[in-house]
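Please go over the structures that come below.
Paired with subunit B in one complex and with subunit C in the other, subunit A is shared by the two complexes that follow.
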Partner chain A sequence: MGIYILKRIAQMGIILFIISVFTFMLMSFIPGDPVYAMMGEEVSEEEYQRVYYELELDKPVIVRYFSWLNKALHGDLGQSTQFHKATSEVLGERVPITIYLAFLAFLISIPLGILFGVISAVFRGKGLDNVVTLIANITACLPQFWVGVLVMYVFSLKLGWLPSYGFSFPWDGDIITSLKQTAMPLFCLSLGGIATTTRQTRSSMLEVIRQDYVRTARSKGLSRRKVIFVHALKNGLIPVITILGMRLGSMLGGSMFVESVFSIPGMGSLFVKAITSRDMPVVQACVLITALVACMVNLLTDILYAVVDPRIRVE
Partner chain B sequence: MEHLLELKNIQTEFKTDGKRVRAVDGVSMYLDEGEIIGIVGESGSGKSVTMMSMLQLISSPGRVTGGEVYLKGEQENVLNYGSDSEEIRRIRGGKISMIFQEPMTSLNPVLTIGYQIQENIMEHLNLSKEEARKQTIEMLKMVNIPDAEQRFHYYPQQFSGGMRQRIMIAMAMSSHPTILVADEATTALDVTTQSQLLEMIRDIAKKTGTAVIIVTHNLGIVARFAERIYVMYSGGVMEMAHAEDLFSHPEHPYTRALLRAIPRLDDPKERVLIPIEGLPPNPAERPEYCPFYDRCEYRMDKCKKEIKPDLKEIRKDHFAACLLTEEEKKQKKREIDEKEVKKAPLRKAYKENCLEVSNIKKYFPIYKGIMRKKVGEVKAIEDITFFLKKGETLGIVGESGCGKTTVARCLMRVYEPESGTILFKGREITHLKDRELKKIRPKIAMIFQDPFSSLDPRQTAESIVGESLKLNGAVKTKEEYHTKVDELFRLVGLDPSLKGRVPHEFSGGQRQRIGIARALSSNPDIIICDEPISALDVSIQAQIINLLEELQAKLGISYLFIAHDLAVVKHISDRILVMYLGRIMEIAECDELYNNTLHPYTKALLSAVPVADPVVEAGRKRVPIRGEVPSLTKRPIGCPFQDRCEHAKEKCREAVPPLRDTGGGHFVACFLYE
Partner chain C sequence: MKGSSESVEKFLRALFSRKIVVFCGAVVILFIITAFFAPYIAPYDPDYADFAAFLEGPSKTHLLGTDSYGRDVLSRIVYGTRVSLIIGVLAVIIACVIGTFFGMVAGYFGGIVDDIITRLTEAVRAIPQVVLAMALTAVFGSGIRNLAVILGISSMAGYIRMMRGQVLSIKESDYVMAAKLQGNSNFQIMFRHILPNSISPIIVMMTQQVGSTILSEAGLSFLGLGISAPTASWGSMVSEGRVFLLQNPVFALTPGICVAVLVICLNMFGDGIRDALDPRLRGEL
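Our next item is the complex of A and B:
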């Protein structure tokens, strides 16, 4: 087990290294002069020279990469060109918000998705299954920004129950306000997760229910609840875990839309802004953070696999 | 007298493609306390479904539509309990335990075996977790699982197939049931393991007074173990009698036909198998009259006019579901016996060797780590030496993992042996390159085990058979191609008008015929038959065996017949080669091997095969065999069989006994015969 985790961590290191190379190249290979991109077209000759050397553009790419990597490892990701402060400082304000939202949405959507999936598999072909499957299929295709706009129209504009923008953590002040502010964004973020998890759980449970060992469990006279939750679900969850990693990734992606719609100052909306204003250091930092999170989630998924499935744990 | 268990007129339906299919059509049977009964039938005869129906384990879209089940101690019809009610759950696993066919998939892979057994005990015996744990370990010890305390925490995949099935037995018996149902419990296992397990079940059952229902397609197993037998066919019981009576005086035409169709280990060499023509009826279109009518040699006009006959008592304790009277049956039997029985085709014996194999070895490397470094080797086969004459059949037998298939693949030159030589008609082919092999390949053909997956589902039968004709340039014109394909179809007993069909439109037996036609199409000298009939039903097997024999007589082909079913191998082969853990143990003429068995492993193997005759079974000497086949990587130094052999001496542990000729072409690799 220990070796297994170490191996995964080593693999993660390699992947992160490759991503860092690509991220760095993003800046080097993008068309246009990076100095103009940073300072704007109307820059004086001295300014240009200063920034040119500051960015070490006189040195070869490999040297620049390692110096960039060295700085990045020490937390220095350069200056944001639009905010005119350190990128790490900009991100420091934004990232926790997005992580908080994505994490909560994740916590909401997975158990609910599994629950709905199990229900729908157990009642296969019955009315309840049809309803759950239909709703799951529809919601899985709905774009998040559209859902966002829709709920905002209903709950903020028409009913006036919830604020249409803004964000605060529940621990800095009013819990009620915070809940009100995050209700709709969370709803939008978790909806897709619930739908995909439901569908995945349903199909893997249906597969498992047909297995011989479930028949064995039934022939032992176990109650239906035990057969489903002890014997079937533990096996049925294995393929579901696979999609958990992907879910978190798509939640980070989804935060771009949702944060833009609800004007939440998180990493998603920052990312969008950074791209439109060609704020390369911020884009790079966002990509790196997203990659890091995705890798961590994959690592956790792999460990979770080994916990659930002894076939991986014991060779 | 009240029976322990009684099923009355069970009917179970499945819905497929909107059609209602009656899988079990009015089955009645009973079981007395401490009795061992057998239910035999081919696949689709409804034997397992009957058992599942009894416990209400049929899952949707299947449904038990009628019948009654009475169990001693229960006040009412057990089928009246809801399928998830407290009452039925008390019976399931508590009073009636089941062991299923596939030991690989019947245990939950993510729970420890200890948990799975303990759970059963806690459910039915109301014991605390600690007590249940103790009992679990006792049960594991009872079924001879070594180190039971540690193994308690193991997962199913850490055990071999035989061990898992023992764990299943431990689990089934852990709740002290009064009835144990073994549903094809040993079918997927090797013969020696199979007999070990069935003996274990019998011994435990007799010790605890548990009644046992053995469900199987193997007539030998019921002959050896069952006291009373039900014969099922197409969803109904055809015949019921005590074991000796059933085999010595079978009454139903189906039982009679079945016994004439299966080869037995104690058959004389010239025995002719008489196949049952046709196929079992499709349960969706089963006629109202006797379901065996279409294939029955005894059929009379009245059989088709009346509805399906019920079981009726022919003499004391012997029931059969047939409309014919004793007189009519005697008359018919005389007619059948008078009909000229097709003699076994005469085969010419040739002197020249078609294939000579000496000392071939095949090792497979084991790679490990990210860099895939070679860390060891699996010695799949070692020192394989034998020859095959023209027109001869050499049977290769051995349990799974003994290297039968590896030998076949080396001969086909799918693998290149590490050392040794293979001479095909005097020409060395051991290390030929692909291009040079192109001429040899058509001459060594192969028939595969699974007629379902070994044929391309999208190719028509014609192109499956004709492909190699074109490939080898055996035909010049289109006309010639079609005549040749038709000829091949007729040769294997298929109607050439079916050649436009794709494999799934054929039955299992027909598919295997296509496989044979494909093998014949390149006009081979040798056909390697790798378990060619083990996926087929008993009534179909005889057809294929006879076909192979006929073809050999007609075309003078040599067969290398690989199988684990010793009775079949003995029936079809001239000589038999016995393998164990990658080495040859014994080679001898068929009768010589059976009558003068030398190697202790061969003795154990032959003794493990049950013969479909209780009288013979009772008189046979049993040679017990210890333990299981170890994995190839754990092959002991010296004789591979030494740690399971009761004659093993110091010498056997130190050196590998060479294969020696003891006279008359009887080779054996054992120090006992030096």
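Our next item is the complex of A and C:
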């Protein structure tokens, strides 16, 4: 087990190294002069020289990469060109909001998805299964941004129940206001997660229900309920673990849309703004952070997978 | 197995035996026809701005109303079909060609080549697809051509992984060995023997990817990183329209419905193709 975890951590190290090279390269891929690309064409000679040396453009790429990496590892991700502040400072205010929303949406969508998936599998082929599967298939295809616009139209513009923008944490200030503000964003973020988890749970449960040991358990005289919830569910949930990691990653991706629909000052809306204003240090930082979080979650799910399913460890 | 007219017939019969698949296929074809004949179907020029009639609700002259510049929403949706389908199909072809090639090379040669390609693929997969695509638009800019390339590159990893697995499972089979003994070169074996025998998982993957690519394109356009202002695209229409939800909700909501319907039908049709290609499932149905 220990060796397996060490091996996975080493692999993650390699992956993170590749990602860091990739994000660093983003800067060098920009066609034309990187200084102009960052600062705009009408930059003064003085400013040009400052940025030129700040980016160390007089040095070879490899030197630049390692000095960038060194700084990044010390938490220095450069200066944001649109906010004129340190990138780490800009992100510090915004990342917690996105993580908070993504994590809550994750917590909402997983149990619900598993519940619907199990219901669907248990009633396979019956009306209930068809309804659940159809709804799951449809919601998985809905564009997140459109769902956001739709619920905003219904619940804040037409019914006036919920505020259409804004964000606050429940711990600083009014809990009710915070809940009202986060209700629609969380709904949009969880919807896709519920749908994919339902589909995954359904198919892996169906796979398990067909297995011999389930039939044996049934023929021993155990009740259907007991077999499903004790024997089948335990094994049926193992494949679901793998998609958990991906879910959190795609929640971070989905936060771009939700944050921009509901004007939430999180990392997603920052990322969009950074791209439109060519604020490359912020773009790099956002890619790095998302990849880092996704990698960590993947590592955790892999370890969890190995703990739950001993067959993985042997290999 | 491949190519013989009998199996093609079996495949088609299995595909058309399910009503829902046929229905979804018909809807997809309807969208394709709309895209193709957009100039004949659209009642107005999508870029013609009638400033006397902006943000009108649905009426007889403008079936879905007008947008904030007085342009006909229906006509813009009809033209938006083109953008979505062109980008969806192009991106999938790009991803498929490059991804299949690298996956095949990784699986066939193994060793260090495999290690390098696999690690790179894992690294790309670690970044959520939207984030990756967005980062690439920051570098390369947007527009139809760039967007197709960017979405293609960012969905390539799936093909590499699938193809690598596919090659590993048939590399040791007798007919590959026989081809090797006949003195075929590595690339001959890859393209004449391995590729044709992996064609069904490739087709399945492609049909399933078109929908998600269209979804990504709409998302990027919604965020203002995809198709830029005057060109009509579904994503950017939702984005323009959400400010005017109270005046003309149809303007913002219908393009999203189009995205959803097209993607749902593409995915269901894709699932139908997958099931029809799978001999095990074909027997059951």
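The rule we apply is simple: the second predicted complex is superposed on the first by the 312 of 315 C-alpha atoms of A that agree within 3 Å, B and C clash if a C-alpha of one lies under 4 Å from a C-alpha of the other, contacts with A are read in each partner's own complex, and residues count from 1 in each chain.
The criterion applied here is as follows: a residue touches a chain if its C-beta (ideal position, glycine included) is under 8 Å from a C-beta of that chain, and two chains touch if they have at least 3 such contacts.
Worth saying up front: this structure is predicted, and the values here are computed from it rather than measured.
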item: First, second, both or neither for A:K234, with subunit B first and subunit C second; value: first
item: Which of subunit B and subunit C A:R215 touches, first, second, both or neither; value: first
item: Partner chain in contact with A:L252 - subunit B first, subunit C second, else both or neither; value: second
item: Subunit A residues touched - subunit C or subunit B, whichever exceeds; value: C
item: Touched partner set for A:P265, first subunit B, second subunit C, both or neither; value: neither
item: Set intersection of subunit A contacts, subunit C complex versus subunit B complex; value: none
item: In the complex, subunit A residues that touch subunit B; value: 125, 211-213, 215-224, 226, 230-231, 234-235, 238, 308-311, 314
item: Complex contact set, residues of subunit A against subunit C; value: 11, 14-15, 18-19, 22-23, 26, 29-30, 137-138, 140-146, 149-150, 152-153, 157, 249-250, 252-254, 256-257, 260-261, 271-272, 274-276, 278, 280, 283, 286-287, 290-291, 294-295, 298
item: In the complex with subunit A, residue positions of subunit C that touch it; value: 119-120, 122-123, 126-132, 134-135, 137-140, 211, 215, 218-219, 222-225, 235, 238-239, 241-242, 245-246, 249, 252-253, 256-257, 259-260, 263-264, 267-268
item: Touch list for subunit B against partner subunit A, complex; value: 55, 57, 60, 84, 88-94, 97-98, 100, 102, 105-112, 119-120, 123-124, 155, 157-158, 168, 171
